[in-house]
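Shared chain: subunit A. Partners: subunit B in the first complex, subunit C in the second.
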Partner chain A sequence: MKSIHLAPENVSDLIRHLQTLGKVFAPHPKGDTSFSFETVSDPDSVVLDYNRTLQSIKKYFLPPRERLMSYSMETNQYEKEEISAEPRIFLGVHSYDMQAVLKLDFNFGQGNPELNYLKRRENCSFIGVSFTPDDYHFSQSVGIPVEDLKGFDLFFRKHESGYTVFVVTKKGEELLQDFSSLSDTGFESDISYEFSTQLSINYNRLPELFNHVWDSPVWEEVSRNCVGCGTCNLVCPTCYCFNVEDNVELSLKTGTRDRHWDGCMLNSFAAVAGGENFRESYAERQRHRIYRKFKYISDVTGEPWCVGCGRCIASCTAGISIVEIVNKLKDEYEQTRLIKSTNKQERASVESSM
Partner chain B sequence: MVDTTLVRKAMSELAYQDQNPMELYYPEIAEITKVNQFTELEKWYEITLPNGRDLGHQPGQFVQVSLFGVGEAPISITSSPTKKSAFELCVRNVGMLTDKLHLLDVGSNLGIRGPFGKGFNIDAFRGKDVLIVGGGIGIVPLRSLINYIIDNRQEFGRLIICYGAKSPKELLFADELKLWESDPEIEYHVTVDNIIPEWKGHVGVITTLFPNIELDLENTIAAVVGPPIMYKFVLMALKTKQLPDENIYLSLERRMKCGVGKCGHCQINQSYVCQEGPVYHYPDIKNLPEAI
Partner chain C sequence: MAKPKVAFFDFTSCEGCQLNKLNLENHLLDVLEHIDIVEFREAMDDKADEYDIAFIEGSISTPQCVERIHDIRRRAKTLIALGSCASIGGINSMKNLQPIESVREAVYGKDKYLFPTLPAIPVSAIVKVDYEIYGCPMSIPEFLQVFKSLIMGKAPIKSDSPVCVECKLKENECLFERGMVCLGPITRSGCDAICPSFGQFCTGCRGLVPNADKNAMTDILMKHGLSTDEASKRLLMFNSYVSDEMVN
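So, the complex of A and B:
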């Protein structure tokens, strides 16, 4: 792997160069405190130093709202939606969001591989950038370091005098071809990034922990303030559940079938016609969300399905934290295990003295 | 512990491999060719696919029925795979789609995707006595299995049907029930919760039928379908009769949108009902706390 120096004043030039190769998407400031991935029109408005975007780049592969077909209700004929696979370059992606895309690749590629998603994933290049972890990031705890290069074609390491660009793939090398404002750097030593928020259990042991905490009182406790708004689902880069609905034109002659993001924290998510709701309480729904992140899919893939971006914590209006939930589950489990083993020892000593 | 780097490698290869992605969400336009209003709430349909193509389903599978302008809903197939060139649905009017569906008559079009999910494992039933336990509209998917057995009678042992409904008025497939009752090859038991004066039969919940039925335990396979509340009690009663768990198959209902294992609505713990169900071998789900 090659590494090259990119001076801060040359970043806009590089973006202009990338724009000749494909449509470029990058983080932009949104309001006073937020950031958002947008199509780049003015390279100078791109911000590469940001904590997190409101939505991950998931929205480009699984759009929040997507038309599946248009139909006529008179003739019962429908037209399929064409999905284009134009070259797209995603610049300024954090490692956890890149990992989230690779996880979605698994979800949409396994079983019945889904055309809509996989088509949108074609012809994409990814340029990562390092970040300074804030109070909500905990990606290191789920096995994703700041400089996890997997999935990236290029990776920008930010330092005081600009960026060190790591050329990760051949595709990345091609992205830089004919761009001259780069200078060679020597071999750089590693940077350590401090995460103030961490899981108190190694992520390798999470599936094991989740074998034991189904009936934990922690679920009720942490769900007491939950209002079931589903924001945690909507901002999660690995949540991909969706709803499908028909929307009819005012003429009542034509309509569309659209899919949109859904959330397992919403009350109606597991409700069926006839009145049965298979996950009625907040605690049941919270448990399902957390098991999806650390157990169900992890048992198949060997990886946590949470990437530690901290979005659900930062966005929760009730102050619920996935890190706190996991840490409480671990503490509670260890305590009950301790009580059980103490009881056992006591029983054993009583029995042996009899 | 799985080597995560290996998994990641496999995952990313999967992404770039472009392994023949599929158009999963487009229905085939079919036609309603027969209709019969069974009860106030339940209507029966015969559906014919373009060119009379065979649906090719297994008893217990479902289709996604699609009405443009309304949406889609998962509906159990009630006809036996032995019926070719058309298939049948029996639909209770309880939701938005079924409400609109009930307005349709012969000649109307609707969209069909599927068949989806796993049906009853016929091989496990073959050569065995079959105990059918159907509560309410649970009889709808079971009828597919029943008629398959009737059409291949020599391949199966005893056919014992236990059917329970809230009231005599809610019993479905009235004409066929008479045939089952009079068929010497079928042991037919029926019960209702609420009686009307004309009712001369058994009264009580479905499990009250069991004490009068002798089972050859090792040689009996049970197929159970009913409302969510029914399973707990039927499973308890079958346990009391000492029928091994390995001999029980049941079908579970959940909310579904895609039918192809993507949308997430039908999950029972880690199991997608539209993929691994709706028919489950009981030992496979007895440790899933969200199942029963």
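So, the complex of A and C:
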């Protein structure tokens, strides 16, 4: 793969160059200590060295709130919203967020394709950047290394003297055409990334684990501090559930059909007519959330559907951690299996001595 | 079709919710297109015998309130509690945390026996309430949503998710990240997270979500630096009234 050197002082120039090719989106500081993806207006305000953004780039393909159509009750006509597929360049994306988009492509491309999502996904280029894992990242444990290039057109590896830019696709090469402030890179040694937070089980063994932990006492235990605020769902880059509402104008003649993100930790998510709720307790909801990440979809795709971004852990005010849940489930499962097998052995030895 | 007859009543409150209705401004004339207002003390003098829709502001806090709310309920086809005081008891119900005698004395001094008083409770503790519009002051978008639904004859959508949802949809930086503590995780949404969006932590004015776990929330508040006493005061500010079904 071709790789070139980009000096730190040329990053803003590169962004300006990219802006001539399409609308550029990149991480910016937000609030006191956070970051968010925004449309770039001033290339100098872009931050490529960040831990994670509040929301992933999912928001550009499945907006938090979205108008699906407008209708008139006088004429009985409706009109769908136009979605334009203008060229868009996403700069400074971490590998786990890129993988999350590829996973959503699967979810929304299957069966009855989600046309709004797919339309928004057209004409997009992705430029990745490496990151230093913090206490919440665990993407490597779910099979996504920092330098996972899948999905990217270009990838920036950060090191002391700037960036090594890997040209991953033809499209990536085109993005750099006519941009002169690059120099051929010398030998770059690989960088190793340390993850302090990890699943204590290989992700290949997760499907097996989740065949056995449905009735585990761990669900109750880890949900004791949960208040069901839904934050873990709403910051997750692979959660895609939404709710649709009809909103009527005050004239009572016209209205809109709108959708917004929803989450399985929330009260009305599993509520049905007649006032029943088939996942009443927070423990049942946590179990469902985790099964959605490691079992239900994974059984079909063979991959964990959690990308290890750590957002749900970082933003849980109660301090609930998906990594801790999985590790506890594993410990608890291994213990019960051990007890079962010891019992079996004891039984066998008792029987043989009889 | 005749326009529905609508009336507004105030009980123990600051009348801020009624004022907020007059603040509808851009929508006020459109709202008036659909209804006949037959009673609204803050805006007019007329009185009527019956109502299609009665909006109630304020909590119930005296024997006279009890009598009056029964009378209104008898004459109203649909009754709606408006704002925190009417729907959840609100700030007024902090009174309930003290012995009623000392409250009377603090307010009325030696004349305390001239003014009989009760614990401050929401309208639904006395009569059937058909719908509730939350907030201190009441949320205008929610008022319009309920209003349109009623005129169209359908059930309004009632939010039972917490304020956190609205912050996340707006990609607000969490106020806990800024070293504040916020009641967003268990407070009923529908305000579009207006306070957190402007850097003010949520005080819980819209009441708690239906199955709010106050113990778990207290733990969160304490984990982020409040003492037991401070955490309990935060939770009680708007939510001192606890109905039986809300007790965990």
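Definition applied: the second predicted complex is superposed on the first by the 353 of 354 C-alpha atoms of A that agree within 3 Å, B and C clash if a C-alpha of one lies under 4 Å from a C-alpha of the other, contacts with A are read in each partner's own complex, and residues count from 1 in each chain.
Following the convention adopted for this analysis, contacts are C-beta pairs under 8 Å (C-beta built on N, C-alpha and C of every residue); 3 or more make two chains touch, one makes a residue touch a chain.
This one's a predicted model, so the numbers in the text were calculated from it and none came from an experiment.
When both complexes are overlaid on chain A, the residue A:Asn267 reaches subunit C alone and has no touch with subunit B.
In the superposition on chain A, contact of A:Glu245 is made with both subunit B and subunit C.
One of subunit B and subunit C touches more residues of subunit A, and that partner is B. Of the two partner chains placed by superposition, only subunit B is touched by A:Arg121; subunit C is not.
Within the superposed three-chain model, A:Leu54 lies in touch with subunit C and out of touch with subunit B [touch as defined at top].
With both structures placed on the common chain, the touch criterion links A:Cys226 to subunit C but leaves subunit B unconnected.
In the superposition on chain A, contact is made by A:Met69 with subunit B only, not with subunit C. The residues of subunit A shared by its contacts with subunit B and with subunit C are 245, 248, 252.
Taken in their complex, subunit C has these residues touching subunit A: 27, 30-31, 34, 144-145, 148, 151-152, 157, 160-162, 164-165, 168-174, 176-178, 184-186, 209-213, 216-217, 219-220, 223-224.
Residues 1-4, 7-8, 11-12, 14-15, 17-27, 29, 68-73, 92, 94-98, 109, 111, 228, 253-255, 257-258, 260-265, 267-270, 275, 289-290 of subunit B touch subunit A in their complex.
For subunit A in complex with subunit B, the residues that touch the partner chain are 68-69, 71-73, 76-78, 80, 102-103, 105-119, 121-122, 143, 150-151, 204, 214, 240-246, 248, 252, 255, 257, 259, 262, 264, 269-274, 276, 278-279, 288, 291, 295-297, 299-303. Listing the residues of subunit A that touch subunit C in their complex gives 30-34, 36, 54-55, 59, 64-65, 224-231, 234-235, 245, 247-248, 250-252, 260-261, 263, 266-268, 280, 282, 315, 317-319.
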